[in-house]
Structure formats: structure tokens, C-alpha cells
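These notes concern the structure reproduced below.
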Amino acid sequence: MGDLVQLLVSGTATGAIYALAALGFTLLWQAAGVINFAQGEFVMLPAFAMLAGLAFGLPVWLAFLIACVLAAIVLGAGFKQVVVDPLIRHGVIPLVIATLGLAIAVKSTVRAGFSAEAHPLPSPFPTGQLSIAGINVSYADIGTLALAGAIVIGLQAFLNRTVTGRAMQAVAQNTESARVLGIDVRRMVLYVFLINAVLAVVAALLIAPTYLAKFDMGDSIGLKAFFAAIIGGFNQTRGALLGGVLIGVLENLVGFYISPAYKEGVALVLFLGVILLRPEGLLGKAEERKV
Amino acid sequence: MSAPARRAAMLVAIVAALAIGAAFLKRSDVYLLTLTMVYLMATFGLNLTVGYAGQMSLGQAAFFGIGAYVAAIALKAGVPFLAVMPIAAVACFVIGLALGFPALRVQHHYLAFATLGFNVLVYLILRNEEQVTGGTYGISAIPRPTILGVSFEGHLAYFHFTLASLVALGALLWWLLRSPWGRAFAALRDNPIRAESLGVNITAYTLLAFAIGAACAGVGGVYYASLVEFIEPGPFHFSTSLMMLLAVIIGGSGRFYGPVVGTIIIILLPELLRGSSHEALKFMQKWYLVFFGLAVVALMVWLPGGIVSLADRFRRRSTS
Amino acid sequence: MNRITTLFAALGLALAAAPALAQAPIKIAGLVELSGTGATSGTNFDNGVKLAVKEINAAGGILGRRVEYTSGDTQSNPGVAKALAQKAIDDGAYVVMGPVFSGSILVSMEETRRAEVPNFTGGEAAAITQKGNPYIFRTSFTQSSAMPKVARYIKNGIKAKTVDIMWVNNDFGKGGRDMIMKSLEAEGIKVGVDISTDPGQVDFSAAVLRAKQSNGDALFVYTNEEESARALRELRKQGYAKPIVGETVLTSQKVIELAGEAANGAVAHVGLTADAPLPTVRAFDEKFQREYRSKSDHNGLKGYSGMYVVKAITERIGKVDGKAFAAAMKGAKISAKDHPGVLMDVTFDQNGDLDRESFLTKAVNGKQVVVETLPPLGAK
Amino acid sequence: MTATPSLLDVKDIRKAYGAIRAVDGVSFSVRPGEIVGVIGPNGSGKTTLFNSILGQIRPTSGSVEFSGEDITGMSPLELARRGIGRTFQTLQVFGGLSVRDNLIAAAQEFSGTMPGRLFAKPDAGLGQRADEMIELFRLKHVAHLPAGSLSYGQQKLIDIAMAFMAAPRLVLLDEPCAGVNPGLVDQLRELLVQLNRTQGGSFVVIEHNMGFIMRLCPHVICMVEGKVLAEGKPAAVQSNPAVLEAYLGN
Amino acid sequence: MSDRIIEFDKVVAGYSPSLTILNETTLDARRGEITLLIGPNGAGKSTVLKTLFGILVPRSGEVRFEGRVINGRSQRDLLADGIAFVPQGRNLFGTLSVRHNLELGGVTLPRRDLPARIEEVLDRFPRIRERIDNQASTLSGGEQKQLEVGRALLLHPRVLLIDEPSIGLSPKLVADVMAMLRGLADAGTTVLMVEQNVRTALKYSDRALVLEMGRLALDRPSSDLLADPDLNRLFLGGHAAAASGAAA
């Protein structure tokens, strides 16, 4: 029983990080029709930005804030302006290919210009663990869950409870109708890119302390984010959450109870099953967007 | 001389130049050229799947791997090379048919993810099913072929053998794409719904597009195993599929010679830069992938038809 | 038209890129993992060789000739390693250094053998020297010579009856796992759970939980640098309290740096370590840190000492001749007193395996500390 | 009612989406060689009816018979094999293929076997037929250009020519005039009349251009709210008060 | 001051270079009137509205609002000028509540004006008030159209563009919507409407413009056209020109 709880908790914590990356991913798809194959690299870059900040002697929180600003400029507005805007009219696939190219470029830049080695990032949470009734839960897991949860709840609140948030939903649901009402579609789409960038920084802050900052760390995170997004439902923000947590937990359960050798495979089988049997995802609705 | 005849003459000249010129190249350069040709077999096939039939695939490296492992196991068991090739091709063809099924249900980026997932699964199997695949140790001492008493053990001999095989495979594909099948594939790519209303069996052609592409990769895998003489799961990771897809697209998907240009850029050029001692080239080597990645982005913006389509642009400009 | 030009341009580049054969310097080629999963090991090995070459050249070279070292990145990919080996041979390399990864060396050594070029490797897989290749030489222990020492420590040092094993599923990890199983069995120690992990794996929670649930008395961890660090962090996170033992990697500088406090207490057998209590190694450590602003792991020492073996043997045979070099390596003994660059007294056998002292090390307060020096296998 | 056996028999087709009855019990038949027009205001269920007949969607109830065979729910492929061709409301050509290849592609799958076609001549023996159609549709000057690079009107012509390439026994045309300029509309009508005369197939045409349909079709069906409101000669339908009300409101 | 609040002067527009819908279209709408755009499918009625509202940019010609050229201006600018648009079909955001849908109609208004304006709209549509906290997707067809119109009225537009408001509504509801538009026009709002339900629309409108192949074919007072016995022929055969030789 204790095992199970512990597996569930740490799986959920890991899954929450996947979910953060997946969340931005689905937001981008809904609001802008963008599939970002460089999503993993969007997590990797801020990790290095924070690392650089720390190297200058900044405290973690300040490095984090600066990384947020940089990410918003480069990975948010810059990405939209330079890559997405010129390409979006060509359709989904050219943009997919372009983001693949971008992923390679970003990864290689970090490798060639910075370092190919892994670097530790200090954890924002204290080390140690909490023991209740024989179940050990580390502070890192609790902190991760709390922060990821707060971000998700905050984001949901923003989307549902503010006029801007609802305007963003309106753009995602029906861009033409939104435009007719005078909603500034370009700005709303830009906000989505900014949110995606900031979510990536948070994911980086949570993931880099254990997984280490490395130029190719995005490969695995990006892949998990895609799988999470598709499993949960590409056009549902809640879907990304479900998908992320499901993968995190399942990986742990399978790794423990079945075989670690095929750990990666199980998320995959789940993903392939979803794609074949319910392409709109577990929570998703059939796609209305005409391709 | 008519345009097709001129093109044919040019092709013969290039092949002849390669065949003769290789004798004057260093062993490592011959190896690289051979390696490029081996990958080219797989990207030729991928171009059929992606470029001609319009089916997104990020699983080509899996078939490359299946071909290589089938070859390694069969060759080591003493099966003659000429028998191994069809075995590997048929195996990949059949598995390729299976991979086509998701394509009947989902398209575009969903299909990309599905095929990518397939690649990851194959990779896991190659790594974990040790009794068959040798696991992470891989399989070593894979022999090079001896056919009708002629040994292709030497690097030049193997190069010529691969070159001849590549030309044969290319000719086969050329013929296939010129046949009504090629037109049916294009119809499937451009407008599957209309194609079906015109009697095109889109189920069959979709599956065939994957299966034929997979078979080409399988053949490439056979030559790869025999060339490197050792295989392990690493080279068949999905990142290779990704590079193969990029090779097809930057070269010019749906254009016969697109993969040639793309594969040279992806396989040959970086290897040529590697280990060179010129300062400028050393710099290029270090930043090659950065330039490459940015070039892919730029290409998608300005030249979505790939590098080969540049020729069309010039032609159009000169005629207008 | 365009098609042809592209192809010929590529061919032309191939010819142009090859530097002209130079007469004077002795060419040494490095095939190293500068990227991919083996990047850390390869980079250290490469730096070690570079440092040695720099010193040798500063001291007048080998037999009065300058040493020219060029290294190429195998990307941890055997196919590339093979290509680079051919390139090294085409370029007229006298000796080839590397690769470090066993999968790569198994491929590339076929090329050096064919060309009869001596090849020093950082690989530790037993299979490398069992193929009867007269041109392959190690720069470190094999897994088959190191693991019995580890097993002996587990039996006598920790007095464990059952040991759990966590290993990385690549050729390196698999080889080590097979060998430690055998060695443990020979010592009469039982194996508890056998936990396989992926190269590049990031989440170790399930793996660690399995170890925690087992009733083993200790855990043997055999993974690459980053994975070792992640495993140690997760072990610490979950409050794993039993002894953690490793071979070479676990207490390496890189792992300690990456794992931070979580590494404290981990014990490992190390064939070579920059913290060995020997004056030659101290001198090396100092120079390495000055040159690269980081501490060398065992791979740095492998590359460094390997290069000095090349120097020692070449001077012994008095000529730059690969065949003669290989012949002279059989049964060679090189003492650190005469050749401080080899760091420790070393002997090579007929297969190219080497033997020398080794160390038991422990991670203490972010540092690798040598707790015991173990005699060479041949000395017992 | 008639002595000639009908080619197409649509019997009481219904298609409901939830509570909405898009097609609500439509029956009609088409005799060999006949041209039938289907008119009706927007949203009256014409295209849904077409899609139900053509296997794009499965009708909730009812049946479709072709030459006495029940073809209800057959796939578009099976229908095509039986000699039923169609055009779509929106433009549907193979943009990457040349005009000539578009036409050949439209007919090549109707003869021989799939493996056989692999070994057939590149033009599948259809080159001459394609050239005839190109001639008929006045597309000769663009025959070797990619269809996707042509003007809307030209693509529309290709689109329609493709539906007739294999000389199907029945062709369903969904708004052939949509987006076509007035000059071309008359040309189109003449072409269809000519094809009907020379190839002898039956046509069912959905169209909003009343002038076009009234002149082309001797028999017109008017649909409103999923039902057949009136049926008969164009003049009769045109002056039917119920039809007028449906079009103009009351 | 000219009565012509909206003018199209030889406007050419379409969805792609190869597909021209408006072909040198010239027409106008007068202040405080309901101007009805009718004609066969594909004649360009909706395209007129879309071009006017900046969704399509004319390739040539001028679109004028109160004498000023407004070719290709942004929707936000046009809304600020007092032009509002209710497109064809469903334009609500299904997962948002009725209130939030209404509120989004006022994103271009100062925040503090919003509550009063919403109250105003709710006074006009009591049915909407009852459903104010429901999800928009749960409304009936008639309620949805009311909400859409209400959302447009939030801005107090001087010109209301409305595309086929009767689609999916029962005859009773159609009459209600028409009466509401009539009321708006009588209060001074200019209405430009596309409608297939010709007879009903003619009864409530002031002037009818018949489009054919992207050109103005006929421009007559609605009552006049309604009484014309050739109206039938106009819609069920032949060309508009044939229906009335006296046109334009």
C-alpha cells in the first residue's frame, strides 16, 4: 500500500511537469493551430538561462524571473514573429517541419556554444522527506505538485475568470467570430505564446534539479508532452493535465510492477491506442477545425 | 537531344564518374560515399511514402533497423546475400503494411506521432529482446557478400556493389512512379476523397505507400549491416527517422532526386567536415547542425518545395 | 545540371578536406565521444590525451618528432566511429586513441587491425580483448578484472549477503551487470532484485522504490555519469539508507558534481582516480585542473596515461613503427618511476589487457576520497 | 409508372442528426439517359441527400438501388466501380498532377487489376481518351500544366471532365456552376448536353443557378426542409405555389 | 449631408486571385433604412457584408462609410466607428456562459460602461436574461440568434450588418427578429441585411438590392418589388434583368 501511494505521488509529480509542457502545447494548438515540435527545447533553454543567472551569482528566484522575461521575449514573441507568422498560412506540416529544424538548431547551439555536459540546477525546494504512516514523500515532490498545481489552477482561473482569458478562449473556439466582435485576435494569440513560454520556464525550474540541465534534455520532455497532449485530448486544456499525470503515474507503476525495460513502451502503447481508437483524446472533442 | 535523353545521359555520366572516381578516393571517403548511398535507399523509399503518396512518416529508421537486423541474423546464419535481400524486403513490406493502418484513420501530425511511436517500440524491442537481437551489445562480425564466387569484401568492391544496387533500386522506383501506380499515389496525396470517388482504392494504395517505402528502407538496412559489419539499436532510434524525413523534405519531397540532395546534406556533408583540420571547416563542423536547423526553418518559409525546386525556379525565370 | 554540380562539389570537398600528408610530426588520431550518451567520458578522455600531447611536445616530442593529435567526434555512434577510424588510417595515424564506448571500439578496432595500427581504448567490456586482435590495448581495467574486486569488497567490507543491482541497459551497463553477477556468485553472495534502467533515463523513482522494497543488504549501481547522479538523487530523496556501491563511475568527479550531497557515502572501486594518493597523480590532477578548469574523471587519466604509454614504448623500440610497437606491447612493463606520465606502474599481457594498482574510493562532502589502495591482480 | 426500368431508385431516404432531420423521406428515380435537376433553398438537405446516395454518410433509413442492386451504404469506391461518378460542391482536382494526368487518374482504376496496372503502359492506355476530353473541354493549351496552377474556372472544367472520363452510367453533379463566370456557365451546359448525348449516361444535378437548371434538366425535383416539395417539368415546378413560398417566404 | 451612409464604388473582391465574387460592384445603403440584399447563391451577398466589415480586402474600388474610404480597415476600427456585424450561422462561444458571451461583445467598450449596456440588452431580450448563467451551447436556435444580435447591439451601432438571421428559426421567430430589426431602424440604426426568406424580409425592409454574379442587378423599394408579379420569375428562372426591364 505504501509503495503504491509513493509511486502515485512521485508519478503525479513527474506527470505534473509533463502536464505543464503539454498544457502550453495544447494552448498553442487551440489558439494558433501550431504544433510545436521544439516544445522540449523550450524547456531546455530556460534551464540554461537560469544556470547562467546562477553563475552570475543571482539567487534562484531572480534567475527564474529573468528567465521568464527572456523566455517571453525569445520563445514567446520571437518564436511567433519569426517562425510561426510567416509559416502559419502554409498549413500544419510545414510548421511541424520548421519546428523540427528549430529544435535541432536550438539544441546544437547550446551544445556548440555552451556545453554538451549535464549541469545540476539547485532545487527550489528543501531536500529531505515527509514521513506519514510509513509513506515517505519528499519535499521536492510536494513542492513540485504544489507549484504545478498552483500554476494550473491560476491559469484556469485566468482563462475562465478574466475578460482577457475568456477572450482567449473565444479566439480558440472560433477565431472569426472573435474577430467580428473586435477581440484583438493577434494580441490574444500572442498572449498564448507568452503563457507557453512561461509554462516552459516553470517546467524547467521543476525538472532541471533532478533531471539535470543538458542540451538534449528536451528530447524526452518534448516527447512526453506530445504524448500527454494527445492522450488527454489535443483540444482540451484539462486533457493535457490528465495525459501528463497519466503518463507519469503509469510509467512508475509499470516500471515497478512489470518491467523497467518496457517502461517507455507502455506510455507509447497507451498513446497508440488513443490515436487509433479515439484520436480526439480521452477528454477531447472531435476536431472541428478544418485542415 | 531531348530532355529525357539528356537527363539519362547525365545520370549515366554521374554514375560512371562515381564508379571510376572512387578508385582514386581514400578508403574513408569511399566508406562515406557508400554510407550515403545506403541511407539514400531508405530516403528514396521514404520519398515515395511522404512525397508521392502524401503519408507522413517518422518511422523509417525502424524499417532500416529491421532490415539490418534481419540481414545480420540471416547472414551470420549463412544465408546467401541474394536471398537475404528479398527476405528483408518482404519482412519490411509486411510490417510496413501494418504501419499503414493508422494512416487509414488519422492523418498529418497525428500520423507523424503514430509512426514515431512505432519507431520507439521497435527500438525498445531491438534493445530488450537480447536473445534475438543481441540487445545493446548488438551483432558484430556481419559478413560482406560473396555472390557467384565474387567477393565484395573489399571497400571498393562493396562500394561498386552498393552503387549498382542503388541504381537498380532507383530504376525500379522510377519505373513504379511512372506507372499508373505513381499517378494513383499522387491522387491519394492530393485529394483522397476525390480519388476514392474515382475508383482509386485508397486503402490499398495507402498501405502500399508505407509498405513499399518500408521495403526500400529494409534493403538499405541490409546494405548498412553489411557495410558497418556491426549493428546495435542506436542508429535506428527515431531521431534517425527524423533526419531521414528532413532529408526528403529539404531535398524536395515528391521530386525524384530530392532525397539525393537531402541525404548528401544530412549524411555526407557533416561527415566530410568532421575531422578536417582547416580552421574554417572546423568551425563549420561545430556549428553545422545549428546552420542546418536554421536552414530547415528558412527553407520552409521561402522554399517549401525543397532545394531541388530551385531548379524549377531558375527555369521559370529564364523562360519568362 | 544542378544535381551534378552538387554531387561533384561534394566529391571535391572530400578531396580538399583531406590534409596533405606531412612528413615530420607523428600523427595520433583520437576517436572520441564528444556528443551523444558518451559525451562526458569522451570529452575527459580527449582532454587527457591533449594534455599529455602538449606536455610531450613541450619536452621535445617523441624521438625528437613533434606529436600531432587530432580528434574526431564519434557522436557515441559505432557507424561514425568506424568511418573516423578509416579516416584516421587514411590520414596516416601512427596510433589511434579511443573510442571509450565499448560498442564503438568493437567496430572501429576492426579497421585499425586491418591497417595494423595500434589502438588504445578506454572501453572496459571484456569482449574487446578476447577477439585475438594484436593491435588493441586498454588504458584501464576490464570489467572482468574490476568486478571481482568489487565483489570481494561487498563480501568483506560490507559483509552483505544479498545485493541488489541497478544497471543501465547499454553495452557498458549490461557487460558490468553480467560480470558482477558472476563475481558475486563466486563469492557466494546472492543477488536480490535486478533493476534495468534506460540510457538517458530521467525518472528513477520506480527503480529506487524497487531497491528499497528488496531485502538486499546493499545496492550496486552501474550506470553512466548522469544516470548515476539521478539515481543517487532519487535514492537520497526516498531515504535509501543501505550501502551504495559502484565501480569507477559512481564516485567520479562528474557524478559527485551532478548529484551534490546525494552522492555522499557512496563507495566505488576505481582503477584510476585523480584523487589517488600518489605524487604522479597529484601532479596530473593539478595540471589538468589548471588546463581545463575542471577535475578529471577516470577517463581523463586513461587518455593521459595511455598517451604516455605510446611515448614510452615508441622510445623503447626506437622507431615510429606500428607493427613493432604492437609487438613490443606484449608483456610490456612500464614503471612510473621512469615514466611519470603513466602515473602508476603498469603491465600489459598478451591480449592487450593491463594490470596495476587500484583504489577503493568514497564520496565524502562533495569529494572523492581514496579509502584503500588495492594491489594489482597479478601481485597477489 | 414508366415502362423503362429505372437506373437509380432512391427510396424513402432519411438522415437525422440528433433531432434535426436533414433528409426526411426522399424518394425519386432516374431513368437511363435522363438528366434530373435538384433544387431547393439553402439547408434543404440536397447535399446530405447526395452524400447518402454516394456512400459518404450512412442514411438513417431508406435504400438506394442502382440497376436493381441495393447499393445503400456502399463505400464511394464500390459505387465508383459500379459506374457512379460524381463531382463535389467545392473544387476537387489533383493539384500536383498535370491536367492530362488528372484525367487519366480519373479513369485508370476502372480497367484491369491493381498488379496489372503496375505493369501497364504509363498512360494506362487512356492517353487518347484523355486527349479527346481535353479537346472537348478546350483545355489543350494547359494540358501539361499542374492542375493546381490553373484558374478556378479551368479547374472547375477539369473537375467535371474527370467525372466523365470513365464514361460512368450515372453522374451526380453538386453545384457545377458555383464560382463559374457567366460565359462559362453556358459552355458548361452545352458540354453536359453533349456528353449526355454521346455517352448516354444519366445525370443528377444540384444547382442554384435556376436559368442553368431549367434549361438543362427536363425533370426537376425541389427539396425543402428535407422533403420533396414538388417534382416534374421545370415550368411546372417553377410555377408551383409551394415552391414559390419556400423560396420567397410567405 | 448625404443620406448614403454606406457606398460601394466599383468594388472588386474575392477569396482568391482566381475566384472573384464581387465584380465592380456599386451599391449604397441609406441612413436609418433596412436595406435588403437578395439574389441567388454565389451572387455575392455575404461577400458584400464581409468586404464592408474588413474581412475581405477589395482588390480595387472603394468602400465608403459616411463618405470616408474604409477599405481594409480593421474590425476594431470599424466597430469603433459604429459598424457591427452578425455573421451567418453560429457565432457563439459554446463553452462560455451567456453573460460572458454578451460581455465579449463589449470588449471594445470602456469597462465601466459595460454593466449598464448589458442591462439594456437584457431589458430588450427577457428570454436571454432568464438564461444568463447557462452555457451558450444550451440555448435554442432562436435564443442564440437573439443573443448574437444583442451582443452586436451592446455597442449601440449606427450600422448593423446581419447575414441571414432567419436560418434555423421557425416562421414565428423569423417575424420576431424582423420586427426587432424594424424597430432598430425606426430608432435610427441603419440595417444592411442578407436574407433568403425574401417575402418576409421584403415586408420589413425599405429597399431591396438584387445581386447577380457579383453586380447590382436591381435596386427597388421593397414594397414595390413585393407587389411585382415577376418576383417569382426573378427567383426561379432567368435573369433579374428579364424580371424588370425598368430596373436601375
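Think of it as A, B, C, D and E in the order they're written, each chain with its own count starting at 1.
Here, a residue touches a chain if its C-beta (ideal position, glycine included) is under 8 Å from a C-beta of that chain, and two chains touch if they have at least 3 such contacts.
Nothing here was measured: the structure is a model prediction, and the numbers come from that model.
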{"item": "Co-neighbours of chain D and chain C - touch as defined", "value": "B"}
{"item": "Co-neighbours of chain E and chain B - touch as defined", "value": "A, D"}
{"item": "Pair sharing more residue contacts (C-beta pairs) when A-B is set against A-E", "value": "A-B"}
{"item": "Farthest chain (mean CA position) relative to chain D", "value": "C"}
{"item": "From chain B, the most remote chain by mean C-alpha position", "value": "E"}
{"item": "Geometric centre distance via CA averages, chain E-chain D, whole Å", "value": "33"}
{"item": "Inter-centroid spacing, chain C versus chain B (mean Cα positions, whole Å)", "value": "35"}
{"item": "Distance between the centres, which are taken as Cα means, of chain D and chain B, whole angstrom", "value": "42"}
{"item": "Set of chain A residues in contact with two or more other chains", "value": "111, 261, 264"}
{"item": "Chain E, residues touching no fewer than two other chains", "value": "none"}
{"item": "Chain C: positions in contact with at least two other chains", "value": "169"}
{"item": "Pairs of chains found to touch, sorted by chain label", "value": "A-B, A-C, A-E, B-C, B-D, D-E"}
{"item": "Chain B residues within the chain A interface of the complex", "value": "56, 101-102, 105-110, 112-114, 117-118, 120-121, 124, 127-128, 239, 242, 245-246, 249, 286-297, 299-301, 304"}
{"item": "In the complex with chain D, residue positions of chain E that touch it", "value": "16, 18-19, 40-42, 164, 167-168, 171, 174, 196-201, 213, 231-233, 235-239"}
{"item": "Chain C-facing residues of chain A, complex", "value": "3, 6-7, 10-11, 14, 111, 116-120, 127, 129, 131, 136, 138, 140-141, 207, 210-212, 214, 216-217, 220, 248, 251-256, 259-261, 263-264"}
{"item": "Chain A residues within the chain B interface of the complex", "value": "35, 83, 86-87, 90, 92-98, 100-109, 111-112, 219, 226-227, 230, 261-262, 264-265, 268-269, 271-272, 275-276, 279, 291"}
{"item": "Parts of chain E lying in touch with chain A, wherever the complex brings them together", "value": "53, 55, 75-76, 79-80, 85-87, 91-96, 100, 103-105, 107-108, 111, 151"}
